[in-house]
């Protein structure tokens, strides 16, 4: 009970601190405030779990998860290599590359653009719970089937965004190229691709999380004895919830890094876009 | 080009693409299923080349097709095909969505309630979860967005974590959510809806923050020259301004809620719902059943997005828009 | 005559990423009741900033300013002025009538009073009969008139206009200039008016304030000898050309890029 | 002198959702080599459309038009003209230098030649030293100058400019007007120039084409008696005011709202 | 009526016929019990549901229960309706396996999530590494169906006599194309499908009394199901809300299940328990449990239920 009350007190105190900090103009505030917020969440979790005496097989406290995370890190790293690098990343690269090429085709051929986009949005609504077993059946239980699931998941978001981006030039920008009697390829490389980059990056960012979801779900339907999805399932059978949460933590890390890397690349390549300035 | 010409062209293009896809699909059925088809033929005593499964294992699908052209029709009639033919899927869809209710022992006509073996019941169950999750996600998303727009602390503290929350695969988290809620005594529809909401609140949050911040300085200053209250400028300026953004993100959110609803059926050992149906199909290797459920889910997504789109148009018209 | 707006030694410095920008420096100005004051000067000289200071939308770094004898912020809360922005900025989801009604709703006028006033100001700007239309169904000039009607609806004594006709073509602009003049003549309001156009400034004002940038200061205040009643043709008169010339010289002197 | 651009009985009808819009009706016009022709008229009268027809960006519904003796499309492929749009329209992902270089890259100039030309035209518009900056780091006027430099870089004989200074303030505009005049005097290019501003049209042109809307047609073509060399002060001269008056009358006659 | 919730280990199927029969035939209500049966699924860990208070009794394998017990959740076996194990390793005959040592270098399908212990113990006893090396076996974490075998992604997969093995046959494979390794025959059988509760709740007399009545009614259900397999299968089918089960398969399953429940009156056979413990503690790198479990079963309930 004491701990529970303490949890609420700490929550209130940290929030008050953040309200103060948020008024300051300094740059470090942008980092400090979310960190304090996150730390508060963890402390409150810890105190509530201990205060209410929640069983470790229901919800372990963050401190236990942290120490387990350190202990099982080597295993989790192997799992991450399997799920994230082999499954998600390769599927991401293949899927995005394929989507990009098809987007160029769809952009060039009107029939494809008008036809593929509606059909594409229909296909992208195919739930992964149904497609994953089919891909596992087709491509085996190794990372290839995971990559295939990921390809299917990231393909359409990127396709739609790229096609939209390639069309997102102003009449004047296009007319300018026209007055130079520029060829299709010149217009593509000097105008439409740069102009499409912000859209492409939107698609790429959305796809990072889809890729991770895809790779992990697909492991449910058959996998080697490695991978984050496998670890979560196998550890849950033993009620090793600290390992389960460590694996979740690992996937959150991987996901955030993945997303962050794409966001950094976006910043570097679309520095000129109003949304990236200021 | 006029509007109707444009529509005709769009429809024709879609039909072209669909036709091409069906063609590729139909052609792919042959190599995909040839191994199984030949094994089946062999068991039934029909002569195939090469003669035994062991010899065929290494051969490519194409060479098997070429060696056994007479057996091609068999690939379209596999009970557990690797790739069912379009006709098989449509037939199964018809059987489980319509015929089951009309003729089935447990169907609507004979039993007075929807058959568990049919698609309708499962679809309804998924719709239920999706809609509740969608509503929950939309409300949470809008509420957070309002907080973020009006309180800098919320903006700084919550936004990064909202992004991180979406990098955690929901499938990993879903069983934990179910577990924790069930230990709090909450089971059934609510945990599933929460999982669905987890995937649908984020697009709403992002879109709504963008939308609520869409008024430019001038429009906000106009409100200040009237010395309008915060509430007044919310209802009279920010909210109407955010509507197009809201609807754009609601379309993504409802599709997300559907994915979440289906994933949630995995984690809650649901016995009803399209996700449960697909899972069951996969327990028993009923590929065709999975495909039919997939078709139902995609149709459902299309319909739900279309409904949100229609609502969008209605609101737009009410707000004096052109279209 | 009494000073409606009076500024003494006004300074305003914006802190920006690249260091401070002095938008207003030692600004002294008195505007009497019923004046039509134009502010003219090159881009970035602080015209908008000064108008916003008057409106209480910006706080000066130092110096004194009173509006109707109070601080600008108090004047803003007392709804002492109507403000017309450069673009019409009508809300597209509201009809013309509802746009004009917006300030009345916010200020809590009773419903019947609202109807009455909307009708009256729309008639004033010759938009009677258009209240059911949406902004996009009107031409740019009509939209701008509607935004003026919106600023007039609650009948503040002061009207502040920031380049209200900047986006319009010359012919429409001429017409609106005539209308603003006749409105001013009829209502006797005090008007602050920002413009880029020398003929517009000369044609409209009783007082022309010429400003120069970096730092933004007032370089000249020209009292117009033109009569209050001004047909468009007055612009071809020698007095007009004379004042225009003086304004242009003042501008050129202060202009640096 | 020989006709660089010659239009006979030009008609252009846009098919739109609400039915056809006649943007150009029976347009006849000859532009000689070295002419500076301004197009003026109310919004929607077809100024832009006519310039686009000359540039081969729009195809007339009927009638004849030749540019340098060929069809506009052939002239476009021969890179016969530079086109300056109303907004600067620089590509934000390219530096100023790279923006000016763009047409040179496309037209396949050798690298060293590119460097030389970029340098030369940037100096010409007084932007030397800014080639490493990105467009958003420059003021509106500088951006517009960069876009003119871009159109000048490949040294076409014809320069088509569609309201290039519409977005700028009067003083900057005056300066750019002077610069365009001196550029024209030095290079002897043929210039087609769209504007909304009567003084601008009168100040710049050897020939002023007044247009009226719905359907867009030419109502008056005024040959300017002003000398080729024009200091800014010329705008206060009686001839100038006389021509300006004639243009204004022509405009008012054609104006309907 | 006293409410009681039972968490099954897997989806509604004839594997759990006894409970559904007891429910349908009113045996539970005769005992003044209001029983709710929760089906399991791939993402449901019954011990966790028990720990979270979502159920009072669970059906689980002894191997899993003992592992969980050692992990800190004190579950106790109160009854054991299944006398023998139905676990098989089903292989293609043409892979040429004659014994476990032949598995080396091949890929085998195994269920995880608490079902892997019997297999791991077996491999441990045979001294076969499971890390995928050349002198060990590669483990494929099997999904929910028999596709990996049919598609030849694995040479062997885990099957239950009553379910997956039947599915393999249903898929058109004939029995003589297959080699089965039965865990019973290999001497590595572990007890399956027992009933478990949390240890501390047994001290609650009212709860214990409920359990007595529950076990009595359940065993009545089991015996009825054994004797009337077709009817039992149909009852199960009625309770299947997914509509995915077929009658033929459930009848087949009930037939096989009856063989496993035959010879059990519900009371756990201590000898079989000890054999399971012995298997799970098999010498090897990674035994499933490390010390002999104490008080992991009790006859307290069955004694009272069966007297």
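A, B, C, D and E label the chains in the order they appear, each numbered from 1.
Note that in this section a contact is a pair of C-beta atoms (placed from the backbone, for glycine too) under 8 Å apart; a residue touches a chain by one contact, two chains touch by 3 or more.
Small disclaimer: the values here were computed from a predicted structure and weren't measured.
Any chain that touches subunit B and also touches subunit E is listed here: A. With centres taken as mean C-alpha coordinates, the chain found closest to the middle of all protein C-alpha atoms is A. The interface carrying the most C-beta pairs in contact is the one between chains A-B. Rotation relating subunit C to subunit D, from a C-alpha superposition: 175°, rounded in steps of 5.
Taking each chain's centre as the mean of its C-alpha atoms, the one that lies farthest from the centre of subunit D is E. For this pair, subunit A with subunit E, the centres built from the Cα atoms lie 38 Å apart. Measuring from the averaged C-alpha position of subunit A to that of subunit D gives a distance of 49 Å. Averaging Cα coordinates per chain places subunit C and subunit D 33 Å apart. Separation between the centroids of subunit B and subunit D, computed from CA atoms only, is 53 Å.
Annotation for subunit A: residues touching 2 or more other chains are 58, 133, 137, 220-221, 236.
Listed for subunit B are residues 82, 175, 179, 183, 266, 279, 281-282, each touching two or more other chains.
Interface residues of subunit E facing subunit B in the complex, by the touch rule stated above, are 11-12, 38-44, 48-49, 51-54, 94, 143-147, 150-152, 167, 171-172, 174, 240-246, 249. Here subunit A touches subunit E in the complex through residues 55-58, 133, 136-137, 140-141, 219-225, 230, 233-234, 236-240, going by the rule given at the top.
Residues 170, 172-173, 175-182, 186, 190-191, 194-195, 197, 270, 272-274, 277 of subunit A are the ones touching subunit D in the complex. Those residues of subunit C lying in contact with subunit D across their complex are 42-43, 139-141, 169-172, 196-198, 236, 241, 245, 251-252, 255, 257. By the touch rule above, subunit E contacts subunit A in their complex via residues 42-43, 45, 47-48, 51-52, 64, 67-68, 71-73, 112-116, 130, 132, 138-145, 147-148, 151, 153.
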